[in-house]
Amino acid sequence: MRRAGTKVLHLLLLPALLIGLYAYSSANSDSYYMPTPDLIAAAFVELWFSERFFVDVLPSLARLAVGFTLSAVLGVGLGVVLGLSTRVRALFEPVLEFLRAIPPPVLVPLMILLVGIDDSMKVLVIVSGCVWPILLNTVEGVRAVDPVLADTARCYGINGTTRLRVLVLRSASPQIMAGLRLALALAIILMVISEMFASSSGLGFAVVQFQRSFAIPEMWAGMVLLGMIGFALSVLFEFAEGRVLGWYRGLRAANRGE
Amino acid sequence: MTETTTQGTARERPEAPAGAGGRPRGAARTGPNKPLLGAVGIVAFLGMWEAVPHLGLVSERFLPPASTVLAALAQRATTPGLWIAVGDTLIGWGLGLAIAFVAAVLLGFAMGALPRVRAFTNSTVDFLRPIPSVALIPLAILLYGTDLRSTLLLVVYACFWLIYIQVLYGVADVDPVAEQTARSYGLGRLARIRYVVWPTTLPYLMTGVRLAAAVALILAITAQLIIGSPGIGQEIAVAQSSGAVSSVYALIVATGALGVLINIGVRVLERRVLRWHTSVRGEATA
Amino acid sequence: GSQEADSDSGGLTTVTAGVIPIVDVAPVYLGVEQGFFEERGIDLRLESSSGGAAIVPGVISGEFDLGFSNIVSLIVARGQGLPLTTLTNGVTTTGEQGADMGGVFVQDDSSIQDAGDLEGLTVASNNLKNIGDTTVRQSVRVAGGDPSSVKFVELPFPDMPAALDSGQVDAVWAVEPFASIIRQAGHREIASNFVDTHPELSVAAYFASEQRQAEDPELFADVTAALEESMAYAQDNPDEVRRTISTYTEIDQGVIDELVLPRFPSEINRESVRTLADLMVTDGLVDSEPDLDALYGAKE
Amino acid sequence: MLKVTGLQKIYNGGANAVEAVRDLTFDLGEGKLVCLVGPSGCGKTTLLKCIAGLMPPTSGTVELAGQSVTAPPPGMAVVFQEYGRSLFAWMSVRANVELPLKEKKIPRGRRRELVDESLEAVGLTSFAHAYPWQLSGGMQQRVAIARAIAYEPQVLLMDEPFAAVDAQTRADLEDLIRQIWQRMGVTVLFVTHDIDEAVYLGERVLVLSSSPTVVQDDITVDLPTERDQLTTRQDERFTELRARVYAEIQQAKKSAGAAPTAAPSVAH
Amino acid sequence: MLKVTGLQKIYNGGANAVEAVRDLTFDLGEGKLVCLVGPSGCGKTTLLKCIAGLMPPTSGTVELAGQSVTAPPPGMAVVFQEYGRSLFAWMSVRANVELPLKEKKIPRGRRRELVDESLEAVGLTSFAHAYPWQLSGGMQQRVAIARAIAYEPQVLLMDEPFAAVDAQTRADLEDLIRQIWQRMGVTVLFVTHDIDEAVYLGERVLVLSSSPTVVQDDITVDLPTERDQLTTRQDERFTELRARVYAEIQQAKKSAGAAPTAAPSVAH
């Protein structure tokens, strides 16, 4: 009971303070771009407790899911290959760094040329941005595999996919999880960016549309929803991470005598 | 895959296979070839790019071949305009990255050291992180107009989270035995941060910096693109709205080249500060 | 932001204008060149921005003293209560079918013959719920089609030539210089949507915030006069316009020579805007009848 | 000096609890050198960590110089069983040894002296600038020892500190520890699994039972204070004591073997 | 079976090179049990890694069953000195032992048997489901040993495998190794720093010099094949051999001490 209370406090205290602060400053400012929280809340209810949720939000979430999953597969896959071989890494790193530095918005025309303007383009935009944290973290995690453990695996003939599964991926997993966690938030951001092009619906499209038509409370309501989605996904992620990194957390806690 | 798995441990890589004369060959083979391999990669990439429009896979009007774009870039590089734009972009990039770095590191270490406080911030952090920088543009303009500070706001907002999250994971990675050693020898909290937590976090931080360096560049340029403050982004915007396709790609190439240079810088730094780390020491001779 | 218009050393008052680096704003570049602003003690600084999303908040915050935007965006902004009013007209359609500064284009071998054939098809517009889709719907309506069945997708103008070329959309609504680029690529124009809406349609305008204007009415009178003089000059000197364009854009000279220039009357054609506003109501861009008088301000 | 009372430690690894230490009570006068032996897994490391204030006991108390220990007390040095992981990979050997001295605000000149002396004592002078991971196992362990002795602690806790070094080096290091102990009056708690070593080094040998652990026996080593690798080990009394400790440990293990259900289950 | 010829190993840590092993030549017949002793840091681990095919020697060759070793040969098991780091932290004890058997495609039933037997042999049956980091140092080391013996190797390389266990357990494990060796005819190379252990276990003891290392001596242990912790260790020949090995090691260390410049410099 007490524990649940603390949890709720952890969850809500700071947001409540921040909302209070915002309410205070927006009430004392006549800035058009800072509507009071009640206006935002009203817009939120009106917008998202309607069929818009199904028209705009769900398809966006679907693209988000596909984009994130693809990024994870691609990032981890490529990251393992690059992490394991100095030479492959030397070969590809400059090109990858080149691509990484290019803003997704300016790549969109090229993507339209290559894959068209439908959902696959949007997924590609998401992937093009959020694969990087996963890729980089995987590379670094793989590079840092404990040499004693790697030697052990080699001696016992643990090769190929087993080696990948039981040695490389597992020991890199703390760092891979860091990458995935970053990518999750980026995926939401990129979902919005992707819907700035060749769209006619979607949550990102809606937010940009509100912004352009100066429907400011609605725009903030969209951002709040983005934040909530981010929060919900991160709770899910936390859960998944707890399972994947259970050993790691135990290991770190063990020596503290817990 | 099988090739790399049978011979790819971090420790083993630097060692040379025995030559007939017993002279180590490894250093000679992997060492100087690294930049060369990178150059090969770039050349292959440019070759593919050159081929795609020539083969008619994509119309030359929309994706000019690499040679055309590089020529356009070379031509631009003779004018001061490009260099001024690069300079403007790098200022926004560097300042934004530096601010994000300092803020994220300070806060990350503070939160790592104060898990109780951190528990109160998690929900807010998770809520704020997915809010896209680009959606903050009107707010930025309203607050700071079109000057550098708007760009900085966007750059800092996006980069801060990247570094912050990396630092949190890094701080959590401290080896308990090392931590206990430090505590038992009476190292205070600050000393432990400096001598134990900081080095453990460094690899994570370096990855964070590499990520953030590119994101900072991306956002500096996106901000210029949308807000119109001077820099490469604005040049891209002008070229785009003029339908000057080669110019757009030339500027993109300039951006990518900046990214490559920045990464080289970070890698050099990494080899210095992480020479003790498994990921680097395994390749020390390479 | 420059809340107070700064005075520079030459005794000129610095005024900042947020503009988009496109053909439409050539008159102000010309006006600066010709000294129309300086004559009135104004040092006009032109800051290029990507579009209304940046210019409107810039004007609201006082970062820009004035800005350039299309009429529909201004009507929407005013409808949302943003205290903006127009200064002068920006650009007006040529009024000539098939020879306007913007139009609807299809692939040359497409079976689409006129706007009526767009029923059920996909058309790209740079922004949705804005001037493009509203006027294209009107073209469809005029050609006897059902505008509600046309599907619009958002695509930036620079991406339209490629999207049309590769058949990813059935038609695009594009303006100069992309209209010329698309024409030069051999595509076909099927409608002049501005003309279909109104032969004298005011497409864009210069605007400022009410507050700034109230603070410094004389300055804005001078700005407006200089803008008007610039527009008149541009209207009379199309070659000058083409020459200026090459100074602030990177449009290919071959395209510049072919561009269809808009007209630059300094007066907003209120009847055409009324028509547009009615279409906005019909198409659901705004909930209620826009108060256009508020948009024009209390000047007249 | 050091007083352990009713110490119990239960590890709470998830749902299942492991009672590593059941009930330990003993004390240790100032300047004493006590060796701790016991079967593998009986809780020696656990006990040491509780004494060092690195781990809170489940129940019972640890007092050092009359003060209850809740955090690592000042003036204490620990040599960890996991010597490899207790060295900072990012620092040279020298920096590893020097770091605690810096924290102790020892002036640079003296620090230098202490580091040089202790590295010399463990035979690693020429490796001062190497990184720990460039050293062999035994060398790493000696770095950890050098760090502890350079620190000039009042209390020295050592967890199988010579496990990785060769016989000759081990003998040298044993003598080094006794010599430091005698010269500086430091209180030493020394965990070892080598019975000869325990008897040779200690004034007392504490024998722990199998887990869940209690003190099985507390044997006073009544050998002369001046000890010597050759003569002491040939001493008859040495052999007797050695045999007694050996028997106790076998006893400790047997009782565990007889009651295999007493072995903690860490299943999950 | 195993033939090491002119083996040299230079570590190339940055600009400065360390010649860990200078010139080693020896061979080892099939089914032999040879112990390797030598001063701390003399290159025993380095040698083992070269033999295991984990590290290419700088010059010289290693041949196993007539084949030049360039990668870990099949049928070989290694117990690493850094036992803690050689266990997979994300797997239970049981899974750690079972993993190589899975890779060897041993059927499930047999695998189960092997794992159970080997855990039983090292006394860890009740910890099968624990994670390695829930174990004490000695227990972790025993997991590594269990993994090696469950693997049923033809060649077994062990690097100070009993360093972290108590005397009694150590004696038991020594007997276990001899028993497995006799029963299965496995070729064993056993690194230890315990001279008694080397003599008790081996058929031959190889003594290495200080670094840069050569073979200092090669001593045949002419004790009866049936050995026993009590009687063998009381055997006079045992004491003689023991003394000889001890003298050799001291010799090895002394020659290094006499020429301190021979100590490799890892400075940078």
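A, B, C, D and E are the chain letters, set down in written order, and residue numbers restart from 1 in every chain.
By our rule, a contact is a pair of C-beta atoms (placed from the backbone, for glycine too) under 8 Å apart; a residue touches a chain by one contact, two chains touch by 3 or more.
Just so it is clear, the model here is predicted, and its values are computed rather than measured.
Novice: What are the mutual neighbours of chain A and chain C in this structure?
Specialist: B
Novice: When B-D is set beside A-B, which has more C-beta pairs in contact?
Specialist: A-B
Novice: From the C-alpha centre of chain C to that of chain E, how far is it in Å?
Specialist: Centre separation, chain C to chain E: 82 Å.
Novice: Please work out the Cα centroid separation of chain A and chain B, and write it as a whole number of Å.
Specialist: For chain A versus chain B, the centre distance works out to 17 Å.
Novice: In angstrom, rounded to a whole number, how far apart do the mean CA points of chain B and chain E lie?
Specialist: Once rounded, the distance between the two centres reads 45 Å.
Novice: Got the chain C residues that touch at least 2 other chains?
Specialist: Chain C, residues with two or more chain partners: 53, 57, 60, 156, 158, 162.
Novice: Of all residues in chain E, which are in touch with two or more distinct other chains?
Specialist: Counting only residues that touch two or more other chains, chain E contributes 13, 54, 71, 82, 85, 131, 134.
Novice: I need the residues of chain A touching at least two other chains; which ones are they?
Specialist: In chain A, 33, 109, 113, 146, 151, 154, 159, 196, 211, 250-251, 254-256 touch at least two other chains.
Novice: Note which residues of chain D are touching chain E in the complex, please.
Specialist: Against chain E, the touching part of chain D is residues 11, 13, 18, 37-45, 81-82, 84-85, 126-131, 134-139, 142, 160, 163-170, 193-195, 246, 249-250, 253, 260, 263-268.
Novice: Of all residues in chain C, which touch chain B in the complex?
Specialist: For this pair, the touching residues of chain C are 1, 18, 20-22, 47-50, 53-54, 57-58, 60-61, 63, 156-158, 161-162, 165, 177-178, 181, 185, 248-252, 255.
Novice: If you look only at chain A, which of its residues touch chain C in the complex?
Specialist: Those residues of chain A that touch chain C are 32-33, 108-109, 112-113, 116-117, 196-200, 205, 209, 211-216.
Novice: Spell out the residues on chain B that touch chain D in their complex, using ranges where they run on.
Specialist: That would be residues 175, 177-178, 180-181, 183-188, 191, 195-196, 199, 202, 276-277, 281 of chain B.
Novice: Considering only the defined contacts, which chain A positions touch chain E in the complex?
Specialist: Where chain A meets chain E, its residues are 146, 148-149, 151-152, 154-159, 162, 166-167, 170-171, 173, 247-248, 250-251, 254-255.
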